[in-house]
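Okay, got some structures for you below.
Shared between the two complexes below is subunit A, which pairs with subunit B and subunit C, respectively.
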Partner chain A sequence: MAEFVIYLLVLVGLAYPLGQWMFRMLERERHFGLENLIYKLTGVQPDRQMGWREYLQALLVFNLLGLLVVYALQRVQGMLPGNPLKLAGVDPYLAFNTASSFASNTNWQAYGGETTMSWATQMLALTTQNFVSAATGIAAMIALCRGLLRTESRQLGNFWVDLTRATLTVLLPLSVLLSLILVSQGVPQTFHQPAAVQTIESQSQLLPLGPVASQVAIKQLGTNGGGFYNVNSAHPLENPTPLSNFLECLAILLLPAALCHTYGRAVHDRRQGWALLAAMLLLFVPLTLLCMHYEAGNWEGKEVRFGEAASALWACATTAASNGSVNCMHDSLTALGGFVTMVLMLFGEVVFGGVGCGVYGIVLCVLVAVFVAGLMVGRTPEYLGKKIETFEIKMVSLGILCMPTLVLLMTAGAMLVPSARAAMLNTGPHGFSEILYACTSMGNNNGSAFGGLSANQPYYNLVGGLVMLISRFWILIPVLAIAGSLGAKKRVPESAGTLPTHSPLFVVWLCVVIVVVGALCFFPALCLGPMAEHLRYL
Partner chain B sequence: MLLIAIRQILLWTLVCGLLYPVGVTLLAGSLPAPQARQLVGEEFARDGYFWPRPSAVNYNAASSSGSNWGPHEPKRESETSRFPADAPADLRYSSGSGLDPDITPQGALYQVPRVAAARRLEPARVEQLVRSKVQGKTFGVLGHERVNVLELNLALDQLK
Partner chain C sequence: MKPIYQRALQDSFRKLNPRKMAGNPVMFVVEVGSLLTTVLWARHPGDLFVGQTALWLWFTVLFANFAEAIAEGRGKAQADALRKSRKDIPARRRKPDGSFEEVPSSELRKGDVVRVEAGQSIPADGEIIQGVASVDESAITGESAPVVRESGGDRSAVTGGTTVLSDWLVIRVEADPGQGFLDRMISMVEGASRQKTPNELALNILLASFTILFLLVCVSLYPMADGAISVVVLVALLVCLIPTTIGGLLSAIGIAGMDRLIQRNVMAMSGRAVEAAGDVDVLLLDKTGTITYGNRQAAEFVADGVSLAEVARLASLASLADETPEGKSIVTLASEKFGVHLTPPEGAEFVPFTAQTRMSGVNLGDEQIRKGAIDSISNWATSPVSERLKEAVDEIARKGGTPLLIARNGLAVGVVYLKDVVKTGIKERFVRLRNMGIKTVMVTGDNPVTAAAIAAEAGVDDFLAQATPEQKLDLIRNYQQGGRLVAMTGDGTNDAPALAQADVAVAMNSGTQAAREAANLIDLDSNPTKLIEIVEIGKQLLITRGALSTFSIANDVAKYFAILPAAFAVSHPELGRLNFMALANPQSAILSAVIFNALIIVALIPLALRGVNYRAVGAETLLRDHLLIYGVGGLVCPFIGIKLVDMLVVAMHLA
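Up next is the complex of A and B:
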């Protein structure tokens, strides 16, 4: 409990300065030396502005190429250097799933980290995607801000510049700092061979080492979540101490929280940033307390050095943000503990959410809230001085309805395909929860799992791979379309009838909208899984 | 556009995929860091040693895993634990990693009579040793009180 309070204080305290600093880095007038070198090397004209279609095109082409690189590297890893355990190439289904997973910032891992991927793959393919997928989210968010701010303009900035600045000036420095702190706590960062040690009772134990700290730092900061080891941050080498645990857990929510302030600054109304953060906290804190309550005393799948409370906190942070790293086994959470983690994802990853995508996700919810409030009083809704009209609401609906459709269809499909249904480890409602959780996780680009499910098989690899890609990139189309459409509009002056979107009343209203939309979509599915499980054993 | 995208992906693969991990490795080489061995749990089965928590992978460090049993699965306890039902919960339920190096202080104290009997030591001496090896919460708030099983057993071997 005390740890949770300190966590929140540190998080909220760091988010503000970091958010301001990120704004200054992203919206700088001039390009510095290293940046210019990168633009020159890659042929980017940094001052050329893009419209929303061109911005989207650049973003999609870049991410598609990333997907191809990750796929190819996995297939040929057996022939590449940097493979001390002599691991073979990855099979096509799994390679596709992993490539989609990392290109979409999901980091769903159908593979066991230390037993499937060579160092070369972990570094060149996976670590690179951890950076650029997070940077892609930041870029799309800042483009949306420009659309909200600018008037009668069709320019949303330059994708390559945003990508470069987000990676070079935000993600890389923070990752280096966190890596070094983690190394001091005992996380390996080495290119030496796996270490064989003799235990006291004379067995031998093989400790797989590698460049772990550098990968862990960015997977936490970039809301990626793909660990070096199979059990992710429950592994004593990936997360050795209570302090490393606190910092890794802090890193999950740090950038998503800070980006709320970046948003407020970028739309020239810092109160809007505070309002988004307040709404996120208003949903996050009670749900986390609930999870902590139900997890107290449940030691299955948890590590002693963290304890039950910090494990429950992590479980909530990682599902609220679309991070997906774990420090305890979610499959072994109590029925209602697991319920909380699923609910946090099913809100659509808007309670903090992914780096960048959390903010643009919740802005879609803000538009719904403004629209519904406008209907109630019979006025044309406005947000930040821009009229919200038919086109915007159509786009918002496209964005918001995509995820529930994917999650529910994929879950239903899994229950119909015999091999997919047979992948459950547990029986009864908990077995269904395993499948629902998997589809929820992939459909929301989270990446955590109820690990008992044998997910490495064609249905989950193929359908899941597609779901992750659609869920991630589909929503970017309406987001950037709204940015383009709002940017072209005039600003209407504020009047007595304007709904203020920074007031406590609006924050509560926004939370109500998020909960109602989530409940309408998912209540029946959740009843079949975690709720049935809880009621059955009352 | 395609050409720029290709150049960009190659550049970031070089910077984030190669320079970043290699750079961090070089920087990290100058830092003092704890030995990996003490961080990873290992199996103890003899009566004269403190036993660690149940592990879904039998403390095989080459492949980590939890049991993934749900909260009401009967196999959850019976398959993994060698402790009776009155033992503290951390001893009865398997860890997340299968490589948990620690047990709770209660879990260690619970095992004192067995260890003392097997070693023909005064239980009070063994208990004192356990208490001296308890690590409190970090800064008084972070994590959970714990005893590192390897450290405790190494100290136990030093007891005369």
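Up next is the complex of A and C:
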């Protein structure tokens, strides 16, 4: 409990200065040397402003290229250097799934970590995607902020500049810092051959080493979650000490929390940033306490080194943010503990959520809340002085419909396809929970796995790959369209009749909207899974 | 049964036509669900549970249709009454040679000139080009007292279907047949030309999205539950989840909003205008008639060299023949304050007011008494006005009043303070507007000093003095540039450009044709303060929509707890623990949820038609109260309601 309080205090304490700093990095007036060099080499005109369609186009093209590169690298890794374990090329279904997974910032790992991917693949393909997929989220968020701030303008900034800055000046320095701290705690960062060690039972074991610290740092910071080792941050080399555990767990929520403040700063109303963060905490804290309560005493599937509380906290943080790294096995959580992790994802990854996408996701919820609340105070709804009209509501609906559609249909499909259904390890409600969790994780670009389910097979690889891509990129269409449409509008001056969107009342209302929309969509599914399991054994 | 209900009942069935239902995605889904369950029942007629479910689903659709029909019905009754005054009547059209010919009114075209005598109906909308007459406009305003209409000025417009009571008029026709004011009014009240307003459209999209979501939830539930849930139960669940309460009442709310305007004798030329009224940030109000009573009234006398009573007597004498309200108020003040009761003395020779002399008075033998504007009396007087009186004059002007000098035999002896009287209660109204976040701006032709004084007294936020039509237009444009929505009232032709520019423009029905065409709302009572009521109706409309949407979605929680344990009673008996309401059995639980869902529409029809009460308080307070009533209430109410229905269902052995 004390750990949780300290965790929250440090998180909230660091988020504000970090958020301000990120704003200054992203919205600097001038480009610095390395940046200019990159623009020159790539032929980008950094001062050219883009409209929302052009911005979206650049974003999609860039990520499509990333997808193709990751796919290709996996297929041909056997022929490339940087492959000390002599791993063969990855099969097409799995390669597609992994490519989608890393392009969409999901980092669902159907593959077996160090035993499937060569160093070259891990570094060139996966680690690069860890950076740029997170940077993509930040870019889209900052474009949305510009739309909210600017008046009668169709310009949302330049995607290439935002991408470069988010990578070079935000994510890179932070992950270098975290890598160094992790190395100090004993996380390997090396190109040495696997170490041969004698175990206590006098058997010899081959320990794969590699550039672990750098990948762990960015997978935690960039809400990626794809670990170097298959058991992720439960592995002693990924997460050796209590301090490393605390910092890695902190890094999960740090950027999503700080970006709330970046948002507040970027729309010139810092109270809005506080309001978003408050709403996230208002949902996160009680659910985490619930999870910790139910996990107390449940040692199955947990690292003894971390204990139940720190494991429950990590489980909640990683599902709240669309991170997906784990330090315990979620399959072994109690029914209600698992329920909490699924609920946190099913909110649509807006409670912290992914880097950048958490903020733009919750802004869509804010627009729904503003629309209904605005009606209830008798005015055409407006947010930050911009009128929310038919076009915006159309786009919000398009964005909000996407995730539940994907998750529900993929789950239903998994129950209907015999091979997908047979992938359950358990029967009954728990077996259903395994499928629901997997579909939820992919549909929300989370990437954590419940375990139990044998997910490396065509249905999950193929459908899951598509679901991850759609879930990640579909929502960007409405988000950027809204940015474009709001940017072109005038700002209505505030008056006594304006609904304040930073007041405690509105924050509570926003939480209610998020919970009600999430709960109404998934209540039946959750009843059949974790709820039934819990009630059955009462 | 009242005919209006009878007609609404028939219409509820007529509206089952799928092509009409398609405009309302929520209710369309319910209708499809009803059909589906009916087919299922037809295959197993013995299954009374399926039969009852089907029946109540049909009721859900019918209740929603009934709500809409009853809202429309009120308008239809009014339209029928209006139609009676629109019958074809003979008109006397002027031929190019100046003589008149008799033609039916349906042959009149824009630009034709007709002559209407006393006792005849006016054949078409038009502008008076000659004559003065009293006109009975009760056919459209409901007001039986006749009004005066005359050429020139701001009372020159006449409406087809009204009747000339005295004298005659020559009118230039301004509307082709079928497009007159009466025709537009009929189609408005009937809802024939009613289009969905932007906000209604946006809400519809949101509701449609919820419907799609719940459709997905129910469709995917079948494989998720391994087919352990019957189709009837799935349909019941779907209908209970989708926002039928707001979906069923949405169009009724819109129609009822228009109807509330009509009941206040305001004609909205589009639904958009009503909605925009709720959003208005700035109200431009004409001083005269809106903020102050149209006429100035005497408030005080000032004397120099003679007693106050003497000034009162002289002023009263000078005003005896003055029939203007100002003149009468002088006589009243003199009698009330100084007991001066005069009858016109013998041999008095009254001097009437003329535009040249700008004073009036009376000659009693050699005593010449005059009252008038400062400069005209100064010119008439033989000795200069004393310093004391000059001071008094300045003082009155500074306070926003109009000073009149009283002079006897070439010497000014006193001043009458004519005061612009601010309407009682207007200040409180402005406070309310301020609480609503609306800025009030007074527009007047007065000089800035006078305007400032009245503005302060009335409590408006800002004023525009010595306003010209151009300045008015600029003021509106400036506010709009800053993102504000501006509302104004107007009646004169010179108001037309500003009316056209304003977002919400209310024209007085007594105003000119140009003003009426530029406006998007017309006030049949010609009461400028009505703008405030229009704003409140606009807000009420939005609030009702928001409140019922919240209520509708909040209801779903209880319905889940009623239906899910029942639906999975066999396959997942452990979910029975979620049956908090202790509903008797699975069938009664599902039936109760469906019945509650249908009945709540009926229960809320009065609220939808009346509208949620609007109070002029800040947005935050308003939101809190409405969330408590419709959000928390919407959460709790169905738990109680479904439990009660369940008890009834069991008691009646329906399940």
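Keep this in mind: the second predicted complex is superposed on the first by the 534 of 538 C-alpha atoms of A that agree within 3 Å, B and C clash if a C-alpha of one lies under 4 Å from a C-alpha of the other, contacts with A are read in each partner's own complex, and residues count from 1 in each chain.
Operating definition for what follows: contacts are C-beta pairs under 8 Å (C-beta built on N, C-alpha and C of every residue); 3 or more make two chains touch, one makes a residue touch a chain.
From a predicted model like this one, the values you see are computed outputs, not experimental measurements.
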{"item": "Which superposed partner A:A422 touches (first subunit B, second subunit C, both, neither)", "value": "neither"}
{"item": "Which superposed partner A:A88 touches (first subunit B, second subunit C, both, neither)", "value": "neither"}
{"item": "Partner contacting more residues of subunit A (subunit B vs subunit C)", "value": "B"}
{"item": "Touched partner set for A:P500, first subunit B, second subunit C, both or neither", "value": "second"}
{"item": "Contacts of A:G297 with subunit B and subunit C, given as first, second, both or neither", "value": "first"}
{"item": "First (subunit B), second (subunit C), both or neither touched by A:T42", "value": "first"}
{"item": "Subunit B versus subunit C as contact partner of A:F432, first or second or both or neither", "value": "second"}
{"item": "First (subunit B), second (subunit C), both or neither touched by A:N245", "value": "first"}
{"item": "Touched partner set for A:L9, first subunit B, second subunit C, both or neither", "value": "neither"}
{"item": "Subunit B and subunit C contact sites that coincide on subunit A, given as residue numbers", "value": "536"}
{"item": "Subunit B contact footprint on subunit A (complex, rising order)", "value": "2-3, 6, 38, 41-44, 57-58, 61-62, 65-66, 69, 112, 114-115, 123-125, 127-128, 130-132, 160, 163, 167, 172, 175-176, 179-180, 183-186, 188-191, 194-195, 197, 199-201, 203, 205-209, 211, 213-215, 217-218, 229-231, 234-237, 240-243, 245-246, 297-308, 310-311, 326-329, 331-335, 425-428, 430, 433, 450-452, 533, 536-537"}
{"item": "Residues of subunit B that touch subunit A when the two form their complex", "value": "1-9, 11-13, 15-18, 20-21, 23-25, 27-28, 31-37, 39-46, 49, 53, 59-73, 76, 89-90, 92-104, 107, 137-139, 141-144, 146, 150, 153-154, 157"}
{"item": "Subunit C-touching residues of subunit A, taken from the complex the two chains share", "value": "151, 368, 371-380, 385, 388-390, 392-394, 396-397, 400-401, 404-405, 408-409, 411-413, 415-416, 429, 432, 490-493, 495-500, 503, 505-506, 509, 512, 516, 519-525, 527-528, 531-532, 535-536, 538"}
{"item": "Subunit A-touching residues of subunit C, taken from the complex the two chains share", "value": "198-199, 201-203, 205-206, 208-209, 212-214, 216-217, 219-226, 241, 275, 278-279, 281, 434-439, 482-484, 538-540, 542-543, 545-547, 549-550, 553-554, 556-557, 560, 564, 568, 572, 574-575, 577-578, 614, 618-620, 622-624, 626-627, 630-631"}
